[in-house]
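Shared between the two complexes below is chain A, which has chain B as its partner in the first and chain C in the second.
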Partner chain A sequence: MRPPSPSIPEKKFLYDALKQSLRLDGRDMLDFRTPTFTFGPELGWVECAMGKTRVIAQLDAKMVKPLPERPFEGIITIHSEISPMASPDYEPGRPSEEEVTLTRMLDKVLRRSDTIDKESLCILAGQRVWQLRLTVHVLADAGNILDCSCLAGIVAFKHFRKPEVEVVGDEVIVHSPSERAPISLAIHHTPFCVTFAFFPDALTRPVVDPSLLEQRLSSGLMSIAMNAQREICVLHKAGGVPTAPEEVLRLINVTSILVKDLDKRVEARLLEDWEGRKVEVR
Partner chain B sequence: MSIVLPGEQVPAQHVNLKLGPGLLQLSSETQQQAKLAPVIATRSGVLNHSANKSKWWVEGNSRRYVPAPQESVIGVIIGRSGEGWRVDIGSAHPASLDGLAFEGATKRNKPSLKVGSLLYARVSLAHKDMEPELECFDAQTHKADGFGELKDGFVLQCSLQMSRLLLDPKHFLLPLLGSRFPLEAAVGMNGKVWVSTKETKHTITIVRCIEAVDPDGGGMDETNVKEFLSKLDI
Partner chain C sequence: MSSTALRSISISSEEGLDGVDGSARFSFHPSCSALASVSGPITARLAAEHPARATVEVYVRPLSSVPGTAEKSRGMAIREIVERSCLLAQHPRTLIQVVVQALTNPTPGYALLAAEINACTLALINAGSIAMRGVVCAVPVGRVKKGSAISVEVDVADDVVLEGGGCFAFLFGFALSGPIKGSAPPCEDVWSTYSARPGSSFDQAELVRAREVAREAAAEVWQCVKNSIRHQKTIGETQSPHEVDVKMEI
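Then we have the complex of A and B:
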């Protein structure tokens, strides 16, 4: 059963409030919810929470034979699933429209934007490469699962360490983490995704990081993935809202500020976690 | 205070036993044994009973509403079906509302409700094998008594425990907010609260306060809420 669309009073109230530049959770129109990260005992396990939206991302690596047409490149696969656990609106089985959008965006932001140096995942040309498998689970949907999932995914990539391997002739030796310190992935850049919601009323400015109700009542969404160096990786606009070029440029500027802030927060949190993991060896 | 899990047997025995939400008496074959049939919990939560042990109920903190007769709920109309409407009250199945279940409604004179209208209604029938049914009048007097369509305002979703707390006349939140600005509110047992004020920012204040006090969210107490309110621009 598809969820019923929001009731008439809810719709009217939200549009009225947005006209006065008020949002239901007290944020400003261009305020991004502060993400919090929880790291698991394993490297590459992260839970990202933005308000009541919660996503888990887990990364693991295994050795496989490379694709014959790309013998020097590692393989990255991304699995994402929105189960009914996230919200009763989702059904198990056939992927919903949201799920397709999420999977495609994760693929574009994390894999196709060349975030990870795939050649560094090669162990023995044509024989052995690392396969990285990212699994994204949406635990709770309170709006904007896309940004939260992308954030969780990129943080999982940055948090992950792969075991060190040594190649002697044709033999591959994998060193256990207790023997040699595992090494982090070669990451070219870190894209972050920021979503804006547009509303049917022309005078209402777009809002960043929409809540569930805002997302439902919006007439269109625009997601911009950008890294801290102000390079746009993906610009995705769903829904046919006519938007002026100046407006798009303004939102890109807003994104660049938000992304810088996110980048700082992620780096600080990763460093904090890494410091906590150091064990003194005598 | 004891915590029960679904399926657990509950020591509820009384000549005039009354079972509240979350409890079920297993059926037995003969009338003689019926009084002694075991009672089991169908939900997890804290087991409570009245002073003389005649009334038993389970208080949980679930978010999924299970309809029970005579509870007042807030629902959204999702469609028409024959003479009546289908209403989403947050339960597993939509509830049905008869077109004549309003004060003074006749075949010719029925209220005009649209898909998407909000409604304050009473659950008149809640059987586990049937769709729940709603009515928009008081069971004894057949007067509207506040039931009916809710116009304007805003409806928010909270945990079921929060909606029970708000219905408690001794709870601090609604009187505290009412002392700051005039407000109208309708609390449904299904975790939906409708609020209406003159100004948009006042409604937003109420929504944020209820979310902050919700034991399943912020869990703020009275002093914290007062501090929170003083920070807001109202």
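Then we have the complex of A and C:
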């Protein structure tokens, strides 16, 4: 039987390299892997790849009756079960710690941070609202599936178009995409998640976007979700290495620079894809 | 038998998934696409290991929402096919883990199931670690009204008018004995399902006709699979074999 990774030589090599600020894949300590996006034929389907980490996010919408205590708001649900495809270490039906963190972070970053205007999803108050269902599939885990999933999720929200709906009295008419152009969701702000990994040696600085080996050998992780307007949406540090507040502030500044770059990249890519689709306005 | 329905088959296993031994994508049509991954032989759980052969586990996951009964039934079908096509006795007490991810929404017909079966076959070939008796190719067939012609149905748009249809999977291998169609090796039936939708019915003659249509189409799918492997680059190569020697005939 194969002994569990990482092995002692791998551990020693990584720690020694990080002490000299060298990363095994040649990146700088604060370098993010460049994400690439592939959009599917349907709107709201996006595959995000960061290095070898791959995630697919798909968004669909259906009309439902709203919750009785919130008759003016739409509903957003997020499914993010990690299958054994990401790595045979993930067993289906038994959420690992990482899967729980992923689910909770996606919930905080995409749902509870008020990214989508829920009231804009209302069609007929108290009777019909849009329910958006985001499903995130992790295809390959090469480290930092959290950042990749959050990125895929927010890009799916931006890519998606919901059908245009007309309300005449008490009647709701849904127009097909060929009759009237579908409309994009009302998004307040665009949060991006950046993860840092800390290591046991006090002299080793934290690294951005850890690879699989770095993640496994880290002694603590901190994730910051921020938008391009320098507003922190989520700051998640569950246990791990005790960190001084100055260090946390320094990493927040690093995040704001990375997020600005990510935002530009995402906007450019979405525009490129939108221009490639033939959408006529008659 | 027209090959227009199979014209837009697209196969890709160039960018392998990092966490598994083999993976591949297969699509009949941009609206009918599946991704499969294979890991094996790997360690099996003590409760699941079999003393004389490998255990096969198949997980099928839909594009939206959580897996339900439809995914469970497709998983059982794929597991039966994998057990019949792989030589499991060569790897006792191990596990072959197959995960199938649907990349498009499910259809009322069997097109997505056929795409998933083909993706599994390609992933097993890509992994290269499990010996197989042959290559399994599956096609969906359907017909509009009882008595009308049966044809390969892969387009989601056509799916709504179908009143009957099914999926046939064939095992192609040069060591097998069976009918030969064109340049493909002999094939034997390994799995099939056929049903008529509510309000319609079918008879035995129709089932036989459907199988023949499917057999011819499966031979074409086999040819597509063979072509995709011929054009694959192996690790370290900069040119694919096709570019290097155009005249190479296999």
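Annotations for the structure displayed:
One rule holds for everything that comes next: the second predicted complex is superposed on the first by the 274 of 282 C-alpha atoms of A that agree within 3 Å, B and C clash if a C-alpha of one lies under 4 Å from a C-alpha of the other, contacts with A are read in each partner's own complex, and residues count from 1 in each chain.
In the analysis below, a contact is a pair of C-beta atoms (placed from the backbone, for glycine too) under 8 Å apart; a residue touches a chain by one contact, two chains touch by 3 or more.
Model, not experiment: these values are computed from the prediction.
Superposition note: with chain A as the common reference, chain B and chain C are in steric clash. By the touch criterion defined above, A:Val168 reaches neither chain B nor chain C.
In the superposition on chain A, A:Phe13 makes contact with chain B only, while chain C stays out of contact range.
Of the two partner chains, chain C is the only one that A:Gln58 touches; chain B does not reach it. Applying the stated contact rule after C-alpha superposition, one finds that A:His137 touches chain C and leaves chain B untouched.
Of the two partner chains placed around the shared chain by superposition, neither chain B nor chain C is touched by A:Ala244.
Look at A:Met85: by the touch rule set out above, it reaches chain C but stays clear of chain B.
When the shared chain is aligned, no partner comes close enough to touch A:Leu203: not chain B, not chain C.
For chain A, the partner with contacts to more residues, out of chain B and chain C, is C. After the shared chain A is superposed, the part of chain C among 128-136, 200-208 or 218-226 that runs into chain B is 128-136, by C-alpha clashes.
Counting contacts as defined above, chain A residues 52, 88 meet chain B in one complex and chain C in the other.
Of all residues in chain C, those touching chain A in their complex are 17-20, 23, 30-31, 35, 37, 39, 42-43, 59, 61, 63-66, 97, 99, 101, 103-104. Across the interface of their complex, chain A is touched by residues 64, 76, 78, 88, 114, 116-118, 150-155, 194, 200-201, 203-204, 207-208, 217, 232 of chain B. Remark: chain A residues 4-14, 16-17, 20, 22-26, 52, 88 touch chain B in the complex. For chain A in complex with chain C, the touching residues are 1-2, 40-42, 52-54, 56, 58, 60, 79, 81, 83-88, 92, 133, 135, 137, 139-142.
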